[in-house]
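Look for chain A in each of the two complexes below; its partner is chain B in the first and chain C in the second.
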Partner chain A sequence: MKAGLGKGAASGLIVPVAILLAWQALAWRAGTPLFPGPWQVALSIWKLWPVIVGQIGYTLMRAFAGFVVAAVLMIPLGILLGRLKTVGRLVEPMMDMLATLPPPAVVPIVMLFAGTGDIAKIVIIAYAAAVPLIMNTYEASKGLHVMANQVARSLRLTRLETMLHIDLPASLPMIATGLRLAIASALLVSVTSEMLLATNGIGVFIQRQQENFQIAGGLAAIAFISVIGLIINNLVFQLEKRWLFWHYRSSESHSDG
Partner chain B sequence: MDIVLKVDGLTKSYGRGADAVRVLGGISFEVEQGEFVSVVGPSGCGKTTLLFAIAGLHSLTSGSVRLKGQPVTAPPKGVAVVFQDYSRSLFPWKNSRDNVAFGMARIGGRSAADKRAKAEAMLEAVGLGGFGDKYPWQLSGGMQQRVAIARALASESELLLLDEPLAAVDAQTRSDMQDLLLDIAIRFRQTCLLVTHDVDEAVYMADRVVVLTRRPTTVDHEIRIGLGKKRDQIATRENPVFLKARHDVMTSIRNFRAGAPANALA
Partner chain C sequence: MSAASLTSFGALHRLNAIVSFLLIAAAWQLVAVSGAVPAKYFPDIPAIASAFWSMLTSGELPGAELRTLTRALTGLAGASILGVGLAVLSDLSPVFRRGFAPVAALIQPIPPAALVPMAVFMLGLGPSLYAFIIILVTVWPPYFNGVAALAGVLGEQIRSGQMMALGRWQMLWQIKLPAALPEIFAGIRYASTISLIAVVVAEMLAGHDGLGFLLIRKAFAIRIPEVYALMFVCALNGILMTALIGLLRWQLTGWHMRMTEQPA
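This part shows the complex of A and B:
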């Protein structure tokens, strides 16, 4: 995903612009507020942005909280399970099973224990984000070469030091993939959970707009979410380039040897 | 002379019961302070298993390994290992300086700045002065192995274990690295135990060569190499003492290989 400049960026705009124009043309022909064109959506963004930003704030905060909970719990757990091979093998089938369970399916169970407030939503988000994190961290940690462990032992590192200074950085390239998937999941489930357990947030906003036939308003909110998703994705990409340069560079230098 | 390492009746078997395979069949030898000892044997005789047992990385089936009189059960303080596979033994997320400083992880009472300074000094000692900021993947194979050697030196060990450290580098780099290791052994008065399958290397490097049998492996005999500490890639290799020792070791190993059952050669 290279952010190309100049010619590449210009040609990348052709398709979206064409779609927007076609959409606008269709909206004009339809001539109903139930099928707003991009122009009406832009007007809605202009009119509604303070509300949307406020509501997205709730959504992002919960997504972030759930994501952090998942990362803090699942990365160390994944590393640990990768090390304790026997325990890892015992829980692996369970992880595979939970991985295929869609997060909205756990909503009723979570509601039973945590109600419908922020905590309940954060728990569901954390669950959704946990799945790609634990899977990727565990696979990475399990797959580490035995050599790394022998070096660690011969340097007389403690188990904790080994996990922190060797297993964790060595697993980082795969953990990064898990983190990216977890962020996407957290955002998705944050919005979905609001639609199911309605109080506030952008999910509720979109639902209300649509219930009141304010389709343009709903689309305005969706436009906001996608821009935010894009920004977060880019941010993660930049962080990855910064922290994992050694991984990309060393795999480059190995491939030509 | 002080005895640094005493290996006594060391055996190692894999598996249990009828399927058990005895790899090491009772190995005994000693290494004195300041000595450079090579261990050489026919292919598949378990040289690396032996070295890992001495390093405390593999458990023993029976017998004992003592470092300065203390029995070795886990990786002991005072033993550093240089592994064959440098590309896996160095950490690609650390530059050379930090990789070397990592060798001092268990040495107390030093500030981070002290460790960095010492790491630079060790890199200097292996001829990599000024390469502290380079990452392993920016260095050639020989240079990476030199970083690993610097890391082992930095841990101020009583005994340096070398597990075929030069098996993966090209021939010219190899002879340079042999001389580098010898130079370091003298300068740091480092006691070294080298495991190798290369008879010439074993004889060229060592004060004493321990020749192993085939499996289940025992010590066949030892030869003292009376060549003094100073070696030279051309002169030493033409010296009658070198040639005689080489002849002796080569002959033993060829006999073991010839007498080996087919499955032991695999």
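This part shows the complex of A and C:
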């Protein structure tokens, strides 16, 4: 078993190593600091990591703030719209339209109302995170099983209680998908908004590196972003498995049976 | 479930969309006229429409729009083909699948905006810049969905292929890919929105041409009605793209949609 695992890991390394070698070969052929290979990037990571970690802190903080604002506002709103069918039907095309509007396109407008400070960036991040959240929550609560409604009625739950005790838990699996998408887009837009409304953060760091022709330094920062993204994705996945175990268990038994 | 009920369902949906759009426009106009928000930041509908019209007739907008759409569409097509190709390769070779999974997991969270400044130096401002950025961010949904769908092809379907003594490629081409296509298309649909975002961001940061560049230039020139008009065009592009993908999907996987779609 152990030997088999080791062999699997070794064969799994072939593709990444091949990609790194190909990149390094391309960099040697280009022979300019404007096209660094993985080796130069590794050196830059070694040199710059304290700065990068500090700057990423700002970026993550804003991403988190925007995400929380979006989650607190949009999950209840989505459930409410799913309940109020007529309003929901009218708002639905509007949501579809907003969903197609790329978050960075909102930047110029937000800039007018909120300037270029932290608030403006958090607003943009919240907008980006809000779209997947409200769409998933609304879809889930709209498509609830009729039986759930009848249970609520026979228990004489009030509207608010129904939303809290029936709609919310039943929609959770789809809300979790929305949360995952929202976290990804919050991170993404956090970096983008920094680059367009420069003050601090990893996006600005990357731009400074570019202005000083330090391409390897910029790629080092990108490597940090990608590792952090990977860690956050895994974390979310683990939390989802822990909190939504009932959903996974039932869907697993379905596929088995 | 006939075609008639399907079209009436579509018509109802369209009516809803029109009513909703008119409501938004009316609410917008009301806010603008009431003066609750400074008119400079919140122009009324006629001002936005006339800004739209003047950009349209000056040729500024059609040029930028054409560039942006071409970039998004070619990028999406390339990314879809590459993504499905990688998924097929992963399906054929476990070594490749194991090796490529960590690469995908690492590249996937990189925001396109972070890539633009580096890529400008490495690739210049030409089409290869946009192709690189769009493909690097949009290849993942078709790839992940493709891998999952190819792995999830039903045992019965595979066994009936084996019974007909199909070769490896025939099996892939005639059984696995068609079975996986609906899920792959869900990935491509998602990729289409990302590709539009990536193009606009790249244009905003590369600062050369296209819709994103126009948006930034108008914003810094404080031409607010123009900015709103451009945002509207951006949203319209998304709708256009979704419709295009829907059409293609109907052509390729109409059998599946007719089987599972339940109108009414």
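Throughout what follows, the second predicted complex is superposed on the first by the 241 of 257 C-alpha atoms of A that agree within 3 Å, B and C clash if a C-alpha of one lies under 4 Å from a C-alpha of the other, contacts with A are read in each partner's own complex, and residues count from 1 in each chain.
Throughout what follows, contacts are C-beta pairs under 8 Å (C-beta built on N, C-alpha and C of every residue); 3 or more make two chains touch, one makes a residue touch a chain.
No experiment lies behind these values; they were computed from the predicted model shown.
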Superposed partners chain B and chain C on chain A - clash or fit: fit
Contacts of A:G178 with chain B and chain C, given as first, second, both or neither: neither
Angle, in degrees and to the nearest 10, that opens at chain A between the C-alpha centres of chain B and chain C: 90
First (chain B), second (chain C), both or neither touched by A:G78: neither
Which superposed partner A:G66 touches (first chain B, second chain C, both, neither): neither
Chain C versus chain B, contacts on chain A by residue: C
Partner chain in contact with A:P169 - chain B first, chain C second, else both or neither: first
Partner chain in contact with A:L155 - chain B first, chain C second, else both or neither: first
A:G37 touches, of chain B and chain C: first, second, both or neither? neither
Touching partner for A:W246 - first (chain B), second (chain C), both, neither: first
Minimum C-alpha spacing, chains overlaid - chain B and chain C, in Å: 18
Residues of chain A that lie at the interface with chain B and also at the interface with chain C: none
Chain C residues within the chain A interface of the complex: 16-17, 19-21, 23-24, 41, 95-96, 98-103, 105-118, 120-122, 193, 196-197, 200-201, 204-205, 212, 215-216, 218-219, 224, 227-228, 230-231, 234-239, 241-242
In the complex with chain C, residue positions of chain A that touch it: 8, 11-16, 18-19, 34-35, 89-94, 96-109, 111-113, 184, 187-189, 191-192, 195-196, 202-203, 206-207, 209-210, 213, 215, 218-219, 221-222, 225-230, 232-233
Touching residues (chain side chain B, partner chain A) in the complex: 52, 55-57, 74-75, 77, 79-81, 83, 85, 88-89, 91-93, 102-103, 105-106, 135-138, 155
Touch list for chain A against partner chain B, complex: 145, 147-148, 150-151, 153-157, 161, 165-166, 169-170, 172, 246-247, 249-250, 253-254
